[in-house]
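Report on one structure; see the data block that follows.
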Amino acid sequence: MGWIIPHGVSTFTPEIDRLYYIILVITGIAFVLVEIGLIYFSFKYRAQPGRKAHYIHGNVTAEVIWTAVTAVTVVIIGIMSVPVWNKVKGRNSVPAGALAYNVTAKQFEWNVGYPGPDGQLNTADDFKVRNQLHVPVNRDVVLEATAEDVIHSFFVPAFRLKQDVVPGMRMRIWFRATEPGPYEIACAELCGLGHYKMRAFVTVHTQEEYDQWLAERAAQAQSEAQPSAVASR
Amino acid sequence: MANATMMGPPAETQPATGVYNGKVGMWIFLGSEVMFFTALIGSYIILRFAHPEQWATPGQALNIPVTAVNTFLLICSSVTMVKAFAAIQDGDQKGLRMWLVATVLIGATFVSVQVYEYVHLAHLGLLPSGYREGSDLANAAASGVAWKAGPALPAAVGLYGTTFYTMTGFHGFHVTMGVLCMAFVTWKAFNGKYTVADHRGVEVIGLYWHFVDLVWIILFTIVYLM
Amino acid sequence: MATTAAVVDHATHAHADDRSFIRKYIFSTDHKIIGIQFGLMSLVFLALGGTLAMMIRWQLGFPGKPMPLGSLLPETMAAGGIMLPEFYVALVTMHGTIMVFFAIMPLLMGLFGNFLIPLKIGAPDMAFPRINMASFWIAVSAGVLMMAGFFVEGGHAGAGWTGYAPLSARPDLSGVSLGQELWCLSLIILGLASILGATNYITTVINMRAPGMTWFRLPLSIWALFIASILVLLAIPILSGAAIMLLFDQTIGTNFFNPATGGQPLLWQHLFWYFGHPEVYILILPAMGFVSDVLACGSRKPVFGYHSMIYAIISIGFLGWIVWGHHMFQSGMNPTLGMTFTISTLLIAVPSAIKVFNWMGTMWRGSIHFTTPVLHAVGFVAMFTIGGLSGVFMSSTPVDIYIHDTYFIVAHLHYVLFGGSLFGLFAAITFWYPKMFGRMMNEFWGKVHFWLTMVFYNAVFWPMHDIGVHGHMRRIYDPSQYDFLKPLAPVNTFISISAFLLFATQGIFALNFIISWFKGEKAGRNPWKDTGLEWSTPSPAPHGNFEKTPTVYNAPYEFSVPGMAEDYLPQDQKADQSRAPAGAGH
Amino acid sequence: MKRLARYTLTLAFAVTGATQLLAQGAVTGTVKFTGAAPANPKIDMAEEPICKAKYTTAPTDPVVVVNKGGLGNVFISVTSGLPAGAKAAAPSTPGTIDQQGCLYHPRVFGVMAGQSIEIKNSDAVLHNIKAMPKKNRGFNISQPTAGMKTMKTFPVAEAAVPFECNVHGWMKAKVFVMDTPYFAVSDENGAFSLKGLPAGTYTLEAWHEKYGTKTATVTVTATGGTATFTFAAS
């Protein structure tokens, strides 16, 4: 059975995976102790002719010990979670200077808004690509995500990244991809009958590839959008 | 056994608390009611904090004087309820009946005034979904001029209408239920089912009635006055 | 006190039962009949919820292939036997809704809350028998409404059992209008039934305990039902309030959850989970209580740490109110709150661990008779442990980022609700069956059912952790759409086949249940040699329960008291003063 | 819309005289399009290889279809001239809309109120069909497999009911639900024919999803077979 997390390609991966494995080991020990204990007790103390159960109501020392051990363990897990959580989703976690994109989720597509040639988001030369997020490798990226209709959840398994996108709210989702390549984006929150088809792609490029791609798409959008963009306002 | 049809078991063993089941049960049930109104009021608070601009200045859309009188009536009905209870404790059957009838009538009046208020508001243009298109309020809000000695009405009142009707509506529903149960208790009082020794039904419905009054005082404060 | 009670007793108890058939079995006010009615209703719903799960598993195991018997379904559900996505979403929604609200909860609270509370505290009936009866029939009408949703235009509710707004509030976006409205209405009505039931249980426990039945002589099953009833009483009205708001949003145009007019979609989640987490404990606490009773009896030993078990139940009940945010870590809630909820959530591990260790302590140095109920109880401990431990993963917010809304969660919740609640229920049903029907269930087939269930159950849900760790999302109709999920297809097929076998295995239980009703071996008053008050009455217990109000002298689990001839000392049996057990009167 | 002026768009309805061959009262005509047709937006169907395989050249979204100076996908109906409240029985044959290559065929069409619409999926991919009428009851259904057919009916007349597929955000169609059978859609060359109109004078309206509506008056003669109309471009 594989309890092994698949390979991940963002800066969050090592820390989240490490925490996962730490918890796996801790819970694994508890699991083995309890299950072996149950099997052992079931065998050892099974009813046999002549056996009489001991009349015991409890043992305060034992109870205090296992209560304390459990409490300390879970508090340690909690404390270890804090810095990682703050890094990924904390209030001011988005690094300064992160490349920004607009992401608009609607049934059942992810529309990505790119800054046009001026490099600024939310200006006239922005262009939109459906279901395609292209980012450079080793750069901080922030997605300004909104939803048009219902709640969606932006999920990139390879980045260990998930964030619900709620209509009426603006979510800032950031990450830093570490390996070029194509990865899948899924919607992780039930959003209607086509939920399972709400699939998109994030392509991590090297910086040169990315610049080239962006320039191409911007030019294409420029030429294509001119008449129809105006018409549809 | 007077209240058996409503609350009582066929027979009660000695209650462990020394308080009869009906009363304990009503207190417990009211715990549930508290949580219900907490959900409504909590949602109101969250929505209002999120969009304070959708709330009209107190007294602009809602008629405070009328509702204040209505509130006063409801508080009076709590008093008449207490009077009814006191009467039967003294074995005063006549007093019990009189005060119960008074309570039922006042409760019914309260609900009627609330229905009138709804009709009036809907006519004026406030619906659960917000302004009614083309209504007086909608036009006034669109024009942006001052309305009724206050500032201009909010441009949108979707949440205001939503919370107003839901909260007062559910309170009204509770009062209506209370009036119906109270009418039943009154009917039994006229049949002489309550005695000095056993008048549990009067006490139990009284508990509910006071609770509903208390909730109204909170609702009146936050919905009408704030 | 005992004398006053005895005077009343003569009037109420053990009189000739001359009620008509309808008063006796249909509109009965007898808590035992109402309990059994709840039980039968929820077992039907359990089978139905299971059937829905099988359809879900068919689609996941064999995506796009025509379902066996699928051609019997109308075109709006399955076209040529191939399930439609909107039907799949409705299945997912209704499987969850039915199992939580119409199967597990009424089995635990409706069946056993009703059946056990008066019997185990020595009361002749509930505090409010008529309200009790009303509660059942209100629940039935809620069930009928819920079922009606399958037959309306647009299909049944399709926003998940959690009904997240705005999807649930917008017929144009979900394609479902009447179905979702019926869903809300049914939950509101069921809520009323639950609240009436809880009021009844709490009053009964507070007020109607037999003389000598002090709080610390109550069996753990009653403590668990009592705390769970308080949770029902306080949590269900929150759901009712939320469902009413949702219903109004759908029907009269209110704006609670409509973001376009300033409504707050997250408000629904806060309300739902503020109800929902206590609900989770409503679904597990009673099972914990039953298992404690069964394990003590099976091990012939007092429950280890009886007092700390009670405090654990109480603290789980309390902590349940301050952890709802852990369902919403990825919802866009204020991230700072995340830490608070992490800590409070992790703290729940403490009382849960206490309970697990105490169950093991109960078995330790006992003399365990592995009857069917005891097997299920031990199975409960083993499986609940897994469910509890997998919960630690998602309470850690960073790990939750990855596994939230994946099959890891599905595995976790089924380990708690199936491995926990349902194994606990199997233990309880097989244990108290003789008291309900006067006959024993078949032990051989009971054991076969247990072992097959245990094997197939783990074959279904254990691999779900694995696919969850690989990122497999919940509630998706066709995983083969995603490249990263394609390698998991064989696992999904394996899970599905195991699920069909697991479902088929439950047929053994159903047959055992039905056949034993008529043909089972006659049970005496106390077939398990247990200490509870219910075993001092005939099986099945008569109307009014006890020939004479019992007086309680002992703590609930006085097994194997040294120096006594029998290895159990019933709660209402005075121990010889000279050999008074040390634990009595705790 | 203003910058559009440089395309000097004109919609011309040139209705030529009906010949003997045409059924009586038939109005035939063309929807003309002058000026340069704008390029239609490209559709990236990479995510749906099954659909992409159905095209040899990169598919575009056929918003503006111009051939030989004629504009396609224009819906023509009679707005006045018919007796008030005129209604006709709906035909028993359904109107059909097909999903083929991740596009709707036809993109614009009319049915009569009460006439069934057959919604067909010719792609082996999931399409959902979300209809958003204002006067009728909307629906949102899905067709996951190739060859699936679903029947739907709108009982009340309503113009330009939007159909869309949310899985493929570019897929859009418009359905006109009419009380009378007098409507037509121009073909890819802009030609249309309105059959069976009784004699009289009518106002016709032509609707295009991008360029809005144009009206024209036409006179249909009673018997004798021929009727002559001229629609002037505005």
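Per-chain residue numbering starts at 1, and chain names A, B, C and D are given in the order in which the chains are listed.
Assume contacts are C-beta pairs under 8 Å (C-beta built on N, C-alpha and C of every residue); 3 or more make two chains touch, one makes a residue touch a chain.
All values reported here derive from a predicted model rather than from experimental measurement.
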Groups of chains joined by contact, in the absence of chain C: A, D | B
Chain-chain pair with the highest tally of contacting C-beta pairs: A-C
Most central chain, Cα average position: C
CA centroid of chain B to CA centroid of chain D, Å: 57
Distance between the centres, which are taken as Cα means, of chain D and chain A, whole angstrom: 45
Chain centre separation (chain A, chain B; CA means) in Å: 47
Residues within chain A bordering two or more other chains: 107, 192-194, 197, 199
Set of chain C residues in contact with two or more other chains: 84-86, 173-175, 262-264, 478
Multi-partner residues of chain B (at least 2 other chains): none
Chain-chain contacts as defined at top: A-C, A-D, B-C, C-D
Complex contact set, residues of chain C against chain B: 1, 4-5, 8-9, 11-12, 29, 123-131, 195, 198-200, 202-203, 206-211, 233-238, 240-242, 244-245, 248, 252-256, 258, 261-264, 267, 270-271, 274, 549
Partner chain D, residues of chain C touching it in the complex: 64, 75-76, 79-80, 82, 84-86, 154, 171-175, 478
Residue numbers on chain B that touch chain C, as the complex places them: 5, 7-17, 19-21, 24-25, 28-29, 31-33, 35-36, 38-40, 42-43, 46-47, 50-51, 54, 127-130, 156, 158-159, 161-162, 165-166, 170
Chain C contact footprint on chain D (complex, rising order): 126, 128, 130, 132, 138-145, 148, 150
Interfacial residue positions of chain C with respect to chain A in the complex: 84-86, 88-89, 92, 158-160, 164, 166-167, 170, 173-175, 259-260, 262-266, 299-302, 304-308, 330-332, 334-336, 338-339, 342-343, 346-347, 349-350, 353-354, 356-358, 360-361, 363-370, 378, 381-382, 385-386, 389-390, 392-393, 395-399, 401-402, 404-406, 462-463, 465-466, 469-471, 473-479, 481-484, 559-562, 567, 581-583, 586
